[in-house]
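What follows is a set of structures for review.
What follows is a pair of complexes built around chain A, which joins chain B in one and chain C in the other.
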Partner chain A sequence: MSGTAYITHNELTSALERLSKEMDVWIPVETGDKKWGIQFSKYQPGKAPLLERQSTTLPKKVLFPQVETLLRFCYQKDVEDRSRVTIDLKDLEDMAPAMVFGARPCDVRGFLTFDQVFLNGLHKDPYYAQRREKTLFATLVCETPDSACFCSSVGSGPADQAGSDLWIIPIEGGYLIESLNERGEKLLPKMGKEATQDQIESAQRFQEKAANERVGEGDLTRYVRAFEERFSDKAYWRDMVSKCISCGICTYVCPTCYCFTITDEMKELEGERLRSWDSCMFHQYTQEASGHNPRPTKFERYRNRVGHKFSYFPDKYNGMISCCGCGRCIRSCPVSVDIRQIVRQLKEEAGDCVST
Partner chain B sequence: MTASAHNPYRPELATIQEIIQETPTIRTFRVVLNDEEKMRRFSFQPGQVGQLSVFGVGESTFVINSPPTRKDYLQFSVMRAGEVTQRLHQLSLGDQIGVRAPLGNSFPIEDMKGHNILFVGGGIGMAPLRTLLLYMLDNRQDYGNITVIYGARSPEDLSYGYEFDKWRTSGMDLVLTIDRESPGWKERVGFVPTILAEVAPTPFNRIAITCGPPIMIKFVLAGLKELEYEDHQIITTLERRMKCGIGICGRCNIGTKYVCVDGPVFSYEQLRHMVPEL
Partner chain C sequence: MGSKTEALAKQFEKVFDDLELVIGWETGFDSLHATPAFIRQPSALGRLIWNPFCSHNLSGYLTKTLNATAQEDAKKIGICVKGCDSRSVVALIQEKFISRERLYIAGIPCRGTVDLRRLMRLKPSLKDVNTVHIEGNELAVETARQTHRFPLQDVLLRKCLQCRYPNPVLYDELIGEPLTPRVTEGQAPPFVDKLEAHSLEQRRVFWERELDRCIRCYACRNACPLCVCQDNCILESRMPKWLSQRSGMSEKFFFHMIHAVHLAGRCTECGECERVCPMEIPVALMKEKLNQVVKELLDYEAGLNPETQPPLLTFDPSETGI
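Showing the complex of A and B:
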């Protein structure tokens, strides 16, 4: 094991307190009088993270805020020529360094999808790039999968360290924190004192057990062609999503859903250009000014969602599935649409598919 | 500005230099970037698009429809349809807008060299064709004979009418058509696909480029196949609702392709290999 630190349960908040002097520390906490479940919010003195269950929503907003300012603009009268109006334009602003403490492997893995699109494409997104560079992930090895979880079916697993800088393992009396890279290593002294050999061994046993755990049935990574072959089977898609109410919650809670819209807001002479989360489940998403809509009904829209995650993305990015198996879309869906079932049945004979 | 030197979301400020009322619903804007050095260095290929901003209202995508061989201004023809285009139509000379350009791919001008060319345009679809047409007229020796079939609903709905004589004298055939008879109209009458069948340019050594409303494109493609054009001889442009214009925001995909970066120009050969979601 590389660098380690041990934090007792009692010392956890003081460790977070120390870190929060240098950066925004995002932790999972119960919100809204427990009405809104567990959400990530910035650490405030005395507030302890809730690490026992998966958070209801995920830390996507740390690197990709639900609403963020892309530009600020202001119309001004030209001082030399009062009949002329000029525009003052400001863009990228400095962002604070941050740490996400206590997310699960599936939450963090989602950003690998973001990286492909926001950093490695033809154009680099400077807003995401800056946050990505300034944010560390201290990720908790997962020991509490539920029936909606399927991370092992999409090439991940409860001990998947991809995308993390520090690794949190629960052991007797507290947590062992392991650094996974140099960035993480630098923060260890602020988190606790070095772990003992016994603690390290106990953590290793825990890690191995989690690594051998299989969460979810079957393999959902080989459906590129099956999707293409099903594409034009309208009856299949209609049947699979007949109960969908196009609410869009599956996209809001998804670690890999990155689609956004851009809108202008203005008051008097000043305004902002904002980027906000959007959802491909909404009719307006592809609605054109001419009235034409290439995805006019929910079956075309849901088909695009399945295609994007399990066919288009791996086709484009070397087999990489754009789904981490966190199961939130299944848990949050008000009408129990289950994407696992829809993907699995792509390979079944037409006519044998039933939506439950 | 910190982390990155280049922000693809930040438009260049530009000034409207000239406005031409083309038809009751289409206006052409000639704009120049306020930064003189950037305007001088601005380079693009025929077919590439730009995002025009009205700050406080939003952005929309339009083809740059002046050719790279004529760089005094950048021209965009805008049909009034949604919020941003409505607002653009209210702007006057000297007003400030934002331009993010060039974006997207372009017409394969090199591959077209030495070929005969057929343009088939309908309505606002003539805008991208005009860029390529003028580019070819400015490099006339590189291309074979050029035929243009251009149609609109009525004579008033034809854009660029003030240029037709010049086009004709620059060495090309221009066939104009309107949907229904109109007093004083001396050119053809009939839908574009019908006129295409009448003119029937042979596919020999020819590339056909078509732009227009989806329903016209559908019948023009069928018409070209009828005339025995091969899939790779047919080129068109696609439209999609766009936001970022740089391949990130997600909405303009057709399967694995993004119209904003992989398009807007596609050959019929490419279209046939894409998922059928037009």
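Showing the complex of A and C:
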């Protein structure tokens, strides 16, 4: 094991307090008074993170805010010649370093999809790149999967370390924090005292148990061709998607959904160029300037959602599935559309499928 | 309750020859989740269920997924409705979005449906449910190990706690005996009154805190059976762009106000907007308040009689005082 620190339950808020002096610390907290949901918020003094169940919304917003200003602009008219206009531009503001404390492996794994698109392609997205560079992830080894979870079915698992810098392991009386890389290691002294041998062993046992856990049935990573074969099967998509209400929940709570729209919002001579989350479930997403829409109904839209995650993306990025099995799209769906079942049945004989 | 599930399947079996499909509920991805079912083969009618987890109002599908208008030679669409759901069907008929002749309605008297998030707060470990039903003032949830009992007051959806229409107002066949309403007519909606007891400033703080969570996923709009504009909603129109992409309080407030005002005198209080909200915002309160105003000013309640004309859908040039 690399560097470790031990934090008791009682010391957790003071450790977060110390960290928050140097960076924005994002923790899971209840969405409101007497609410079931959990969301990530910036640490506020005395506020303890809620780690007992998965959050409703994601830490995705830390690296990819729902709305961000790409640039601010201001037109200046020449006093002598009003037809001469110049533009003042301000782009890319510095962001503070940040840490996400208490996300789960699935939440963090989602950023591997983002990395492919925003960092590893022809063009590097400077906004995402800056946040990625400056944000650390202290991730909780997960021991509370529920009936919507399926991380093991997409090549991940409750002890998946991909994308994390620190590891939070629940042990007797508190948490053992383990560093997974150098930048994580640097923070350990600020978090707590070095762990004892007993604590390290206990954490290892916990981690091994989680690593051996299988969450979700079957393997959903080899459906590229099955999807292509089903593409034109209208009855299949009708049966699978009839109940969808075409809202944006599944995309907004998805750790891997990265689609956005860009709008210039201006008043008189000043304005901002905004980038905001878009959703392939919305009609406007593929609306063309001519008025034509290649995905006019929810059937084409949901088919695209399945195709993007389980066929187009792995086809383009060496087999990588753009789904981390967190199950939020199933859990938060108002009508319980189950993407696992829709993908699994792609390979079944036509006629044998039971609509979900 | 098991008997009602069976009665439902039997009833549809009898009339299936005249039906294109049946929309009802079936068990979802786990035993706590019911999910809408679209059944096109009589052999699949056994999938239908009815229990207090069947909270979804299925009437929205009549306009949004299916075109339930009168069409020559078209078979009927079978649909299961609770009391509240039946009012949405009536409102859609009144507004001529669907046609009564095209429907075969199985009406189910309903004692209330469960707010899963309230239930999970009380018993986070609850799973593997065998049966669930209402006994008196309690919800009985039977698992392999034991039967858990919860006071209805603590686990029902908010709309069910103030339900005045447990019995469908329109149906072809009633499945089960009519029930006595939980709240009698004339009794004010308790949740609106409770909020109204606060000062203007306190209510502003309340709504800012609640709406701050809104992620603008538009689930409330899409789940609403009476939100019929769908893809042509002015909130998303890009030319002209009425609403900014920003996600500040004014945009969120604007969105919810537009939604509520468009439902004035139309909302049947099925509570879908609030049930589907992933952020647990009590958005139906706004519509309940507007309904109160409509009742006071126009003595009208939406979705009770398919023959009447909704007052806000008429125009009389001789009207004064508006």
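Criterion: the second predicted complex is superposed on the first by the 347 of 356 C-alpha atoms of A that agree within 3 Å, B and C clash if a C-alpha of one lies under 4 Å from a C-alpha of the other, contacts with A are read in each partner's own complex, and residues count from 1 in each chain.
One rule holds in what follows: a contact is a pair of C-beta atoms (placed from the backbone, for glycine too) under 8 Å apart; a residue touches a chain by one contact, two chains touch by 3 or more.
It should be emphasised that the depicted structure is a prediction, and the values quoted were computed from it without experimental measurement.
Once chain A is used to superpose the two complexes, chain B occupies space next to chain C without a clash.
In the superposition on chain A, A:Gly32 contacts chain C only, with no contact to chain B.
After overlaying the two complexes on the shared chain, residue contacts for A:Leu70 are found with chain B alone; chain C is out of touch. When the shared chain is aligned, chain B comes close enough to touch A:Asp315, but chain C does not. In the superposition on chain A, contact is made by A:Thr263 with both chain B and chain C.
Between the C-alpha centres of chain B and chain C, as viewed from that of chain A after superposition on chain A, lies an angle of 90 degrees, to the nearest 10. Judged by the touch definition given at the top, the superposed model places A:Phe206 against neither chain B nor chain C.
The minimum CA-CA separation between chain B and chain C in the overlaid arrangement is 6 Å, rounded to the whole angstrom. With the contact threshold set out at the top, residues 261, 263, 287 of chain A are in contact with chain B in one structure and with chain C in the other. Residues of chain B touching chain A in their complex: 1-4, 6-11, 13, 55-60, 81-82, 85, 94-96, 98, 213-214, 239-241, 243-244, 246-251, 253-256, 261, 275-278.
Within the complex, the chain A residues that touch chain B are 70-71, 73, 75, 84-87, 89, 91-94, 117-118, 121-127, 129-130, 133, 228, 231-232, 258-264, 266, 271, 273, 278, 280, 285-290, 292, 294-295, 300, 304, 307-308, 312, 315-316.
Only residues 28-30, 33-38, 44, 47, 56, 60-61, 64-65, 117-118, 120-121, 124, 127, 209-210, 213, 215-219, 221-223, 230-231, 236, 238, 241, 244-247, 272, 275-276, 278-280 of chain C touch chain A when the two sit together in their complex.
Across the complex, chain A meets chain C through its residues 31-32, 34-37, 39, 52-53, 56-57, 66-67, 146-148, 239, 242-243, 245-249, 252-253, 261, 263, 265, 274, 276, 279, 282-284, 287, 298, 330, 332, 334-338, 340-341, 354-356.
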